[in-house]
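You will see two complexes here that share chain A, one where it goes with chain B and one where it goes with chain C.
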Partner chain A sequence: MDDSTKRILQRLIRRIPSQMLQTMLGKWAHLSREDLHSLDFTQPKWVLTEQLLALCEENGLRVKHITELEMIYIIENPNQGMWHGFQLLDAEEDAPSIELTQFKKQFKANLTELISNVSIKIKKHTDEAIWIRVAWGDNFTKPNHLKPTYVVHHLQTPYVFVTGLTSKYKPLLNQALVLATRYGSMKDAHLSGRNLTAIRDLLMRQYQQVFPTKNPKPLQEKNPVPRNPNIEKEHAENTENRLQMACEAFGDGTLPQLQKAVYKLETKFRDNSNKTLTDREEPFRGVVEFASTNLLESLRHCVSSGMASTPVTPLLSSITQKGRNYFVITDKGV
Partner chain B sequence: MLVGYNVLSNLKIYISRGVLGHLKMLEMEANNLELKQQELRQRGRQEELNANLQALLSKRDQLKAEIKANTSLQKMRTLLDQTGVPYERNEDVDNLEDGSDNSQLLLMMARHTQLKDLLHAHHLIGGYDVLQTRKGKGVCVSLATAYEGVYLETYNLEIDLGSNLRICRHNIPPFIPLERLVTQGNMQTDIRDFLDTLSQYLNAYAGRKQQLHLTKEIHSSVQVAESNALCTILVLMFTIPGEKAEAALCTLQYADHTQRLPTRVNIESEDTALVSSPQWKKNQALLLETPLHTALVTMKKTGSIA
Partner chain C sequence: MSLLKPFSRLTGLNTANILLVENEEQFQQKLADTVVLQEKTVNVNVLARSLPLPMENEESRPRIDLVVFIIHLTSELSFQSAETSLKYLDPGYFQGKVCFLVTSARNVSVPPERLVSVRTLAASLHCPLLCAEDQTTEGVTTAAHRLLAILKVAAGLVPMATSLYLSTLTRCTVPSDIDQQNFE
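Our next item is the complex of A and B:
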């Protein structure tokens, strides 16, 4: 194994937490059972790394095997790094009937045509998601396996999720994806976060949405704050209305875990007490950022407890309804 | 001495008259007050009763008017039902209309109740249901899906009733081509057509998904090698009973997304002779014509698969 391969393996082992290492290696299935048994997972990581390096050399494993291990690890733990959502537009006639082998062939052919030195790995996960790992090189260098791009796509849906993509290679990836999926173009969905499952659930609407029904079941607050029963009785109808509106805007049950919502303002400053700023002609540029460990959960609680006024302002409900968390607000609207 | 006596007696009378008189005066005043209060109370009671009377009278008039309106509404409604063409004008209905605002309104109300009953009936048979939201500015359509008599998921669409109908939110999965159905089905002009087509797609998808689910549950010997989210491509692996226990790969393609049955069935195996036998040709035809899980039951019975 040459030095760069060794470095890749070292980096990867360092990245995988010790508790998961054994299961990952088991799934990888490139080391025999005796080899795996010979490894003592209670030892410190650097010792393990040396042993693994030796084992891989013995078995003649190469870069493509190591990248397989990395892919297995990332598929099992996708909620790291920054994921960005993209939407495919203008479907052609045969877009809904694309099947896996067709897509794989087309994508590989397209991308290798656009850029010669590139390493592509495509894997289909059990939940019908296609995972693509791309390591980029150019005419003179080999593919850089230390900075790969991962792409997740569900067939027959117009959504693509990408992490680790630099702006240099973005148009190439776009083109390859658009051609392989038989769509017209791809645009930024303005939705990003660390949690892939969250942004996927939000864009593909896989969380529990609430709609007005004829016989509304009374929605229950999960952790009711102990309050005065007389006051509660007076406010019962209002509380129910607020809860219904909060759930209609954001969803019921467990919500996708978004961490941030960013509103970029480009509106004119309007405050009568500050004449200097109000008189300026150019728009006042400001950025409002909401951050939380679980943003949608906190927003829903704000509405249901009365902290935010109802009906829910479309600025907040657009996060779930449009499936994005980056908005630019001008005087004409969002 | 007489003067003194007079003065004294006057004084006595004056004093006695003063106190007694005073008391008498007070008594008279009290009596007067009592009388006045009684009068006031009576008057108050009378006014109250009068007011009650007026309220009850007006309520009775109101109820009478309501009864009258309802009976004419019922008459109009039975007439509409009898004519059997609820959405178009016809002569009988025109005759009932005497051009006045009242009868126009009555006609509208009768049609409204007819539509509501029709929608309720539609909802009961498992079709879609429409609900008004946001004080009439929007509607929410609930599309129910069912397969083999079992209710499955319900999908919802919230439509904004502006000058142009616009879907503002929905929970339809992204692999159902909603935008294409909106433009092709002409949602603006013929919403029933659009909803019917959408319901067809959703029910077909729910049916295919349920078939796959039942297959996985009932037939554990059959392995699912490949499937996709829209359930339009399915690759199954059968084990053929025999000494060699060979495997057969069956590919089912559902090219028509509004149908629950496959359009193409391909069976491959290493044992090509077996696959081209008449028994397996029958199996291929069976898979094209019956739902997957029932077809597999038959195939197991005839011994084609383990």
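Our next item is the complex of A and C:
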């Protein structure tokens, strides 16, 4: 194995946490059972790395096998790095009937046509998602396996999720995807986050949604929750209303984990106490950013506890309704 | 304006009613549960976010013996909401039937001016000011215990003690008052 391959393997082993290493290697299945048994996983990682390097050399494993291991690790733990959502537009007639082999063939053909030195790996996961790993190279350099791009696409849906893509290769990937999926174009869905499952759930509306009803109280068949007869809540109706509106805007139960919402303002400055800024013609540019470990949960709590006024402002509710977390606000509207 | 009146209703036998007013609606539930647990035969708790109380419940609401304003010092809104709610209380309540309960007084990030303004407010209204710790169960139990003691007097369940008498002993004073008394 040459130096670059060794380096890739070393980086990868360093990246995988020790607890997961044994399962990952088992799933990889390129090392025989005896080899796996011979590894002692209680040793420090650098010792393990040396042993693994030796084993891989013995078995004559090459870059493409190592990238398989990386792909297995990323598929099991997708919630790292920054994922961006894209939406495909203008479906052509046969877009809904694309199936896996056709897509694979088309995508590989398109991308290698656009840029000759790429390494592509396509894998179908159990939950009907297609995972694509692309390592980019130039006309003169081999593909760089240390900075790969991962793409997740669910067939028959117009959504694509990408991580690790530089702007240099973005148009190439776009074109290859658009041609392979038989759509007209691809646009940025303005949704990004660290958690792939979260942005997938948000974009494809797979979280528990609450729809506005005229009679929100359930039927009186079941016994109500035993409330202490000695304690009376004066504003119970208000609290229920607020909770209902919060759930309608953001959803019920566990919410997808978004980290940020960014609002870029391009509106005129409006404050009567500050004359110098108000009289300017050009828009006042500002950026408002909401950040949290679980943004939707925090916003829902703000609304249900009364901190944010109800009805929920469309600026906040459009995070879930439109499935995006980057907004540009101009004077004419969002 | 719909004022909450202290003597507009007949009292019940062996009952005492306490109204907990809190903008955040979090501590009041824990406090209510503990109070009811501690004294099983006596009371009814009413929980509100702010005054005025909704008109719909006017008929079924019992006579309120003690109104407690829970102010979280970590939030300015808490204090302002309590201040505006005060306007909806009949003056009859201020003879010992109102109490201020303050949380997070020991918190370092709280601006000290806020506690001072709560104290001046309580002192101007001749009401007691209690400090409570709402994060631990012992704190909640202690606060419930103290509130129950004042409640029993306010409901007339303690012989030879009235709420007005108790309030002259427990009312909050602002430090400048004490200094003036000392040096005169």
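Convention: the second predicted complex is superposed on the first by the 315 of 334 C-alpha atoms of A that agree within 3 Å, B and C clash if a C-alpha of one lies under 4 Å from a C-alpha of the other, contacts with A are read in each partner's own complex, and residues count from 1 in each chain.
Basically, contacts are C-beta pairs under 8 Å (C-beta built on N, C-alpha and C of every residue); 3 or more make two chains touch, one makes a residue touch a chain.
This is a predicted model, so every value here is computed, not measured.
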Partner chain(s) touched by A:Q209 [first = chain B, second = chain C, both, neither]: first
Touching partner for A:K260 - first (chain B), second (chain C), both, neither: neither
Winner by number of chain A residues touched, once chain B and chain C are compared: B
First, second, both or neither for A:A91, with chain B first and chain C second: first
Partner chain in contact with A:L100 - chain B first, chain C second, else both or neither: first
Partner chain in contact with A:L155 - chain B first, chain C second, else both or neither: first
Partner chain in contact with A:R194 - chain B first, chain C second, else both or neither: neither
First (chain B), second (chain C), both or neither touched by A:Q321: first
For the chain C and chain A complex, residues of the former touching the latter: 23-26, 29, 32-33, 36, 43-49, 53-54, 57, 61
Residues of chain B touching chain A in the complex: 129, 131, 133, 140, 142, 156, 158, 168-175, 177, 180, 226-230, 232-233, 255, 257
In the complex with chain B, residue positions of chain A that touch it: 91, 96-97, 99-100, 124, 128, 154-159, 203-205, 209, 211-214, 321
Touching residues on chain A, where the partner in the complex is chain C: 228, 230-235, 237-239, 305-306
